[in-house]
Structure formats: C-alpha cells, structure tokens
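Structures are listed in the sections that come next.
One chain, chain A, appears in both complexes that follow, with chain B as partner in the first and chain C in the second.
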Partner chain A sequence: MIVQRLINWSLRGYVLLLFVFIFSPILFSVVFSFNSARFPTIPLESFTLHWYKTIWNDPDVWTAARNSLIVSACTSVLATFLGFCTAYSDYRYNFRFKSAYLALVLLPPTIPLIIMALAMLAWFSKIGASGQLWSIIIAHSVLTAPFAMAIIRLRLNQMDKDLESAAWNLGASEWRTMREVILPFCKPAIISALFLTAAVSFDEFAIAWFVSGLNKTIPVLILEIVQGNIDPQVNAIGTFVFLVSMTLVIVAQIFFTLRAGKMMS
Partner chain B sequence: MTSPLVTFDGVVKRFGDFTAVQRLDLTIDAGEFVAIMGPSGCGKTTTLRMLAGLDQPSEGTIHIDGQLMNNVGPHKRDTPLVWQSLALFPFLNARENVEFGLKMRNQGAKERRDKAMDWLERLGVAEFSERNVETLSGGQRQRVALARSLVTEPRLLLLDEPLSALDAHLVIRMQSVLTRLQRELGITFVYVTHSQSEAFAMADRVVIMSNGEIAQVGLPRDIYREPANQFVAEFVGRNNIIIGNITGNENGNLAIQAPDGLFTVTDYERVKNVNDEATFVIAADLVTVSRTPAESENTVSCTLISEEFIGSVVTLFLETKQGTEFKVQLQERELITLDHTAGGAFYLSWKTADAHLLPG
Partner chain C sequence: MPQPSTRNTFNGFALTWRMPIIVWQVLFFVGPLLFMVAMSFFLVKNYRMVEAFEFKNWEKMLTRGYFWDSYALTFILATLSTIVASVLAFPASFALAFKVSPVVRRWALFLLIIPFFTSYLVRIFSWYVILAESGVVNSILAQIGLGPYTMLNTMFGTLVGYMTLTLPLVVVLQTFALANIDRNLVQAAHNLGCSPIRAIYTVIMPLAKTGLIVAALFCFILSFGDFVSPYYLGGSKPPTLPILIIDTTKSGQQWPRAAVVAVVMMLTLITIAFASLALAYRKRASR
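Here is the complex of A and B:
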C-alpha cells in the first residue's frame, strides 16, 4: 500500500521534472523578452515592451514573418494533399511492393535534416530553382507529407470497409464517393494534418536556411540576429514563434482526439 | 407468364486460385422473397455482391430485368443492399443517411427531405431523424439502414445477414417488419443468411448453398422435410441419417439393412434397385421414444448420452450399440413420463411414411 503510493508520487514527480526540463528554457526566453536589461541576467530589471516595439518596427522581421506564413500555409496544403493521396492509395489498393512503397513514403523524416537540406540545395541549383520561396515550400512538403499521411492513414483505418461500397451501392460514382464519404469521414484528420504540417514548416530551420537564399523565414532570421550580437529581440520573436507553433499543434491535437473520443463512446 | 427479374446463367466467380461460386444457375421472380442460406464460405455473400455489382462474375451472365448486368458498375444499378455492418455514414444524421441515395440521384432538397421523413416514419424511427446514427440503438440503426435502402423505391432489395448483430427478441420483431414490408411493397428480396430460422420464417423460397454450389432450391417446408442430399439433411434441422444396403424391393417399399437393424423406406421415385446403397433421413421430431419395445417396422434401442433443453422443446442425444448417434426432439412435458434420468434402454421408432429416402 505504502509502496504503491510511493511509486505513484515518484512517477508524478518524474513527469513534473520532465516538463520543467522541457519548458523552463522557453519560459526564461518569454520572461526575458519583457525584461529591460540587455543581457539575460538575474535579478530582473524593469518590465518593458521595448523589444516587442523594436521587432514591430523592423521591416526585416515583417518580411520574414510574411515569408514564414506563406511557406507554412502552402506547405500544409501541399503536404496534406500528398499525405491524403498516399494514405488513400494504401487504404484502397493492394499491389506488389506495397510495403516498399510505404517505407519510401515514410522515409523523409528519418533522413538527417542537414543531409536533406544539402541534397535539396544541390538539386534545386541544378534545375535552377534555388533561392525561391516555392523551393522552400517544395522542400518542406517533402519533409512534412509523411506526418500528414500517418495522421490520415490512422483515420482511414477506423473506417468501416463497407462504407465506400455502400456509397457506390446507393448510386455514388467513385469521385462522388470521394467527395461525399471519404473526405467527410477524414475531415478531422485532414484539419489536424493541416495544422501539424504548418507547425513543423513554420519552425523548420535547416532546410529553410540552405534553400531560402534571400527569402529568409523567421527561424533563419533568428539565427542571423543571434550570430551578430546578443539581442533580446530574439526572445520577443521566440515568444511569438512559440505561441504560433503551440497554437497550431494544440488545434491539431484537439481535432484529432475530439474525433477519436467520439469514436470510442 | 412474366419473365424472371433475376437470372444467373452459369455464373462462376474466382478470386485468384479460390473459386467462391461455381456454375450458379438460378432465377428469381419479381416479388419473390428468396433466402440464400449456407455455412460461411459457401459463396452466398459473393452471389449477393455480384447482384449489387460489387464483384463481377468470372464466367457466365447475370441478367436483371432482362438486361445484361456483367460489367455494369455498382452505382449504375438500382440494387440497394442492407449491410451486415449496416454501413451507416457516421458523419451524417439519420435523415441525411436516408437522403443519401436520393442526393446521388440529384433530387431537390425539399423532395429528399420529405421522402426520407416519410420512410423514417414508416419504419417508426422518425423521432430520431436529426440524431447522430452512432447514438442510436441496434434496432433503431437497423431501421434507418432499411429506410436508406428503400427510399429510392427499388425493385430489388439485397440483404446481407442484416439481423445477425441484433438481440434474439429484436430479430423476431424485425423479421415481421421485413416480411410485412416485402408484402406491402411487392418488391423482390434476396436475403443472405446462415440462420435457418430467419430463412424459413420469412422466405417464399430457400436456396441452400455449399462450397460455391447450389445444394437445393425449394419451399422451406420441402427443404425441411425432403432434403435433396446428405449436406442439406445435415445442415438443415435435426435429422438422423441412416445408411444401409437395399436387400428387398416390394413395389417401391425398400428393405434396408443398416448396422442398427432392418428398416423400411418408400422409394416414391422408383430410382433404387436391390443391392444399391441407400441413405435415408428421419427428422428428430418424427421419432417416437419409449421405455418399452415398440410395435413398429422401424425400431432401434439406445442409451441416453445427453440432452439439450431450449425451452418447450428438448433434444435427446442417444447412441445405439453400434455407436450410431440418434437425435430425438420432443416436448418438454413429454419428458416426465419417460423417467429419462433413470438410465437403461430407450426404444426409438418411426412410421415408414415419415422416413425420407435421399435421391442419388
């Protein structure tokens, strides 16, 4: 009895420590973004919005933010579309070498980012497509499509095998079935995939840094600022990026679990 | 003379090396309630799926209403199916599920709604029209699925074990709903099931399938009392099957020598000769059991092995000295006079007229 309680409490403590370990650096960054001192030292000086005003008035930050938003929005649509197509082809068809096909599709996230980034850069300059905003979009779509596929595939596996046939049986053509049955059924997973791939793309640095050329995204801009000198602006931008990413991930998670919970009951 | 609504002509269906249906010839008339029955893997569901166009025959032809249906896609046929899993669309409410077929036929919103509500009303589930189908009970979902299939007013309705997921008391209720609907609408039902009670209770005609072939087609009573072969005799009802050699033939009255004795069976068709092997069947409910040797031309003595009590009817399982098993069905109240728990010998007997000789 006492042993059981001891184990329970130590497990809780462990989880708590884990969260502290993960979130305290971010928390510090948020705290220092409101601190008037130039260097991140304790004790804190006075509260200020100065750093936020600086980035607000910096056109570079605005351009980078715009670039990041365009890239993550386009990436999420493209990657989710690709992910849906591969997930559906896996659900619907059986063919030779299907496991090889699936392994290939899921491969990109397992390649070290730096290798992938270099390869992308080499490839894009070869075909004369480097340094464009859409080259980042393509590269990010390759990276994030497997996540979208995994999420949508999970949902499709919950679908009653007869549902599609039932739609045909009631007079729906294959395309109509896709529109009236498959897409509505996958809707929560598709929305979740849109948000998740947007979040991954929004944060991604390595590929963006290699491929972007003059079209800097926010993570690339942050690095450039940090390289120059110590500037608490970074904390302000970081806080903003953290908020955007967390929001995207949380929304994705809500859509995903909401539906799963409904299925259980 | 009307032409049949459905004709299977030499239909074969293969999946790779496996032959699911081999040489199926069957006609179904308009307005008939046909049940296709058989153990799992007998090809009954494949037969139904071919009617719906979900599988295409490997050989042979299928005509519906005089039209060749081979290679007509499922969405171009008017053959709605009631699925074993029901396959209701979980993201639509009950009414929207029923409207689905009408929407695919591009009917207007108002018309769709009216028709859907009408059918939900007819099946007694109108009050749940706006409910998510996942929140409905099994019986309610069943009715929504039926409404969804019937709303387009098809001439042919296919049903694939639609009652197998329901509680026993609901099955009986849905059986009467189905037969009533079929009579009122006058449409053709093709009903696939492994359940003898469902098939016999509802169907005008029963098709028994085994290993992808038709074992027997006939009225429920004929199949029950006059099985065409040993498979049907074993699959349907509770039959005692006796195999022996014909030792005498007197105007079609055969004397059959079996391990357990000499029995008499009438060969109405006059197909058997002396020295042929013969198999005959005596239904468990037509056997009389007593504690004293019976005065009858067909009698065996047995010992009791076990009993199965399912309410008003009891089945006794007995064994002869030769190890042949006999099944006897009798009313529960008849059991008391038998003093069946006391052990000792039981004497079984039956009338010659009740024994059924298997042809072939």
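Here is the complex of A and C:
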C-alpha cells in the first residue's frame, strides 16, 4: 500500500514537472520582458519597462500589429464560414467520395508548414497574387478551416436529429431552418471557432514569412528580430503575443464548453 | 411528409454547403501542392524560373552529399524526438488517465492545449536565453558547483525545442487513448494477479495502441517539418531539410531545388504515415 501511494505521488510529481517544462519558456519570457538585463539570467537585474517603451515607440511594431490584426480577423471569418459549411455537409449528407471530401478538408494541418509555405509562395507568384496581405489570409484560411470544422462538427453532434425535421414538418423551408434552428444552436461553436482560428493565424510565422512580401505580421517581425541579435524586445513583443493568443484560446474554450441549455434558452 | 431530400440528387441547398470548401481547397491547397511537384522539374535561367520538364534539379540535389547528410540528420532527429516524447509523455498521460479525478484531467488537458496555440517562436527564443552558456540553467547549476554546460547548438538543444513543440500534443493524444480503454479489462488483469507494471505492457499498451501510435506519428511529422528548433537551438550544422528549403528559397532563389527537397519530405512523411497507420490498425495476431 505504501509503495502504491509512493508511486501515485511520484507520478503526480512527474506530471507537475512536465507542466513546468512546458510552461517555463512562457513564464521566463514574461519575467525577462520586465528585466533590465540585455542578456537576462539569474539573479535578475532591476525591474524595467524599457523594452515595452521601445516597442511602443517602434512604428514597425505598430504596422506589424495592424497587419496581424487584419490577417487574423479576416482569416477567422473566412475559415469559420468554410468550416461551418463543411461541418454541416458532413453532418447532414451522405454522398459519393465523402471520405475523399473529408480528407481534402482535414489534411492541411498535417502537412509541414514549411512545405505549405513553399507551395503557397510558388502558387501565388504563378497566379500573380503574392506579397499581399490577402495572400496570407487565403493561406491561413486553408490551414485553419479544419479546426473550425472540427469544433462546429462536434457541436452538431450534440444536436437532436429530430430538431431539424421538426422544423421542416412545421413548414419551415431548409433555408429558414438553417437560419432559425441550426445557426442558433451552433452559435457557441461558431464563436469558439472564430477565436481559435484567429489564435492560430495570429501565431503562424512560416507561411506568413514566405508569402507576405513586405507586409510583415507580428510573428514575421519576431522571426526577423531573432535572426539578428539577442534583443530583449522580443520578450516584450512575445509577452504581448502570448497575452493575445491565450485570451483568444481561453475565450474559445469557454464558448466551446458552454452547455446546450444555456444558449438555447 | 414533405421532407427535404438527403439523397444525392441535384440540390441547390446541399451544394451551397458542400461546394465552398471544395473550390477553396482545390484552388489553394491541392493547386499549390501539385504546382510545387511540377516546379521541381522547372529550370532556372538567369535568375528566372522557366517552365520545363527536366530532371536537372533532381539530379543536382540527389547526387549531392550534403543533401543526404541533411536527410539523415533530419530523419534521425525526428525519430529521436518521437521516441523521447513518447517515453517522456507516457507516465504523465498514464497518471492523467488513471490516477487523477476527471476534473483534474479536464483542467490538465485544457492547460495542455494552450501552448499549442501560443507563439512557438517566442518560446524557442526564451529557451535560447535559458539554455545559454551564461543563462538561467547554468547559473542555477553554478550555485551547486556544476557546469557550465554547452546546451545550445547541440542535439540536446534541438530536442528541447522539439519537446516544446510536441510534448503537449503527445500528452493530450496519449491521455485520450489511455482514458478510453475499458477499465474492466485492467481490473480483470489485477484480479488475476497481474502486477501493475506487467498490466501496462500486456493490457494497457496493446489496448491503447492506436492512440499511442497516432500520437507518435504526429510527433514525427511536427519534428520532421520544424525549422525553428534545429536552427536556433541546434545550430543548423548541417542544416535539416526544412532549413535547406529556406536557404534554397530565400538566399539561393532556387525554388525548383527547394521543391525537390519538399517533395522528398512529403514522400517520406506519406510513407511513414501509411506504415504507422497500418501498424496502428492491424488486428492483433491470435494467441
């Protein structure tokens, strides 16, 4: 019994250790961003807001932030629209080649980003669409639509199949049923998908780096700063980025876990 | 009852929902990938790409020693990463699946999903500072009279980076796999006098096999395609295949050769994926 207890506690300790490993880079990045040392180490030097002031006064950061905002907002709307259409098709219909259809939708995230980046770069310059903000938006929507699809599909799974038929029997057209039954039911999942796809797009750097041309987003800016020198500015920008993406992910999860009853009333 | 059709006759409503993603993915997913394959046969003349069907790029890349050095390194690193991540994750997933309450498990999974959506780049930069010669780890070790150890520009550094990328996902997938197995079978093994360690090998792992292999497969794909860790933490000597793609594309302007590397990577990943899925879904040999 004692041995069993010991094993259980050491297993829990191990889990804790693993979480420390996973979260320590995030934590240190935040701590370092308030530290005056150029090359931070322990013991820490004095507290400073210097790095935040630097990025606040840097017009490049502002431009990149604006670009990132536009890209992730447009991506999330586009990807969620695509994801919803696909999730509903999968939920409602059986058709020929459906597994090929689903593979087509779900494969993009399994392909290494660097390969997607090269393929997108080549394709966009072939069709004369490279180097624009919307080239990033298009590429990101391909990448993130599967996430939106998965979230909305899971939500549709919770729906009573008879709900839709009941609406039809009461004389509602398919379109009206969509508007007044399906969409309201999926609302929390749709909001969740909007936030999650925005988070993925906000952090993506490989494709953005390849296809953006001169329109840098925040992650591309970080990549370029990091390529130069050790610059603690990155920690300040990074802390800001973490804050944004964690907020997005947490909001997404809150909406995702909302129970059916709450939203339908 | 006048119910709308769910069959596959022509139906404007059905097509409205089905078509957008098909059009979109054909234009911007299948299109780019096929074009990349075609591009690997193009030529570059006077810094301009000329559409052609020649095997020059393939010849150039596949006959070079540095390409195969990169290939071997990338493959070994990704394999190592997969093994390390699977082994490191297993005890944690085991604990999360069997030793904690469902509430704790939900919270743990919730927390593990967060890093997946936060900037990998910044996390790697953070590791760079932590692992440096005069960084956090070495200054802590110095307190107890150890070190300094060189951790950057080594395989260890690369692996730390890979773990940052893959461990959360591997733990999540493994935990799902383990939490879904039938507890009665584990209990039965215990009742029949099977020791806990033996139960892990003979009952739990075979039952969770599919999930464990899928987790490992994702780990391999992510590590194989990552350029940030080997570049910033591993020192990139020799470069891994993703770094080779970047170098060839960005500085060399040799897109067709980069495409060759990308196609070779895709073929490797497709082979690995099919092999491991076959393994994952294979029926167990009768006993």
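Please note the rule applied: the second predicted complex is superposed on the first by the 255 of 265 C-alpha atoms of A that agree within 3 Å, B and C clash if a C-alpha of one lies under 4 Å from a C-alpha of the other, contacts with A are read in each partner's own complex, and residues count from 1 in each chain.
In this section, contacts are C-beta pairs under 8 Å (C-beta built on N, C-alpha and C of every residue); 3 or more make two chains touch, one makes a residue touch a chain.
All figures in this text were calculated on a predicted structure; none of them were measured in a lab.
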item: Contacts of A:121 with chain B and chain C, given as first, second, both or neither; value: second
item: Chain A: partner with more touched residues, chain B or chain C; value: C
item: Contacts of A:165 with chain B and chain C, given as first, second, both or neither; value: both
item: Touched partner set for A:189, first chain B, second chain C, both or neither; value: neither
item: First (chain B), second (chain C), both or neither touched by A:211; value: neither
item: First, second, both or neither for A:82, with chain B first and chain C second; value: second
item: Chain B and chain C footprints on chain A, overlapping residues; value: 165, 168-169, 174
item: In the complex with chain B, residue positions of chain A that touch it; value: 160, 162-163, 165-174, 176, 180-181, 184-185, 187, 262, 265
item: Footprint of chain A on chain C - complex, ascending; value: 1-4, 6, 8, 13-14, 16-18, 20-22, 24-26, 28-33, 35-36, 39, 88-89, 91-92, 94-96, 99-100, 108, 110-115, 117-130, 132, 134-136, 139-140, 163-164, 167-168, 171, 196, 218, 221-222, 224-227, 232, 242, 245-246, 249, 255, 258-259, 262, 265-266, 269, 273
item: Partner chain A, residues of chain B touching it in the complex; value: 52-54, 73-75, 78-81, 83-85, 87, 89-92, 100-101, 103-105, 134, 148-149, 152
item: Contacting residues of chain A [partner chain C, same complex]; value: 7-8, 11-12, 14-15, 18-19, 21-26, 28-29, 32, 39-43, 81-82, 85-86, 88-89, 92-96, 101, 104-105, 107-108, 110-116, 118-124, 126, 138-139, 141-142, 145, 149, 165, 168-169, 174-175, 196, 199-200, 203, 205-206, 210, 219, 222-223, 226, 230, 234-235, 237-238, 241-242, 245-246, 248-250, 253
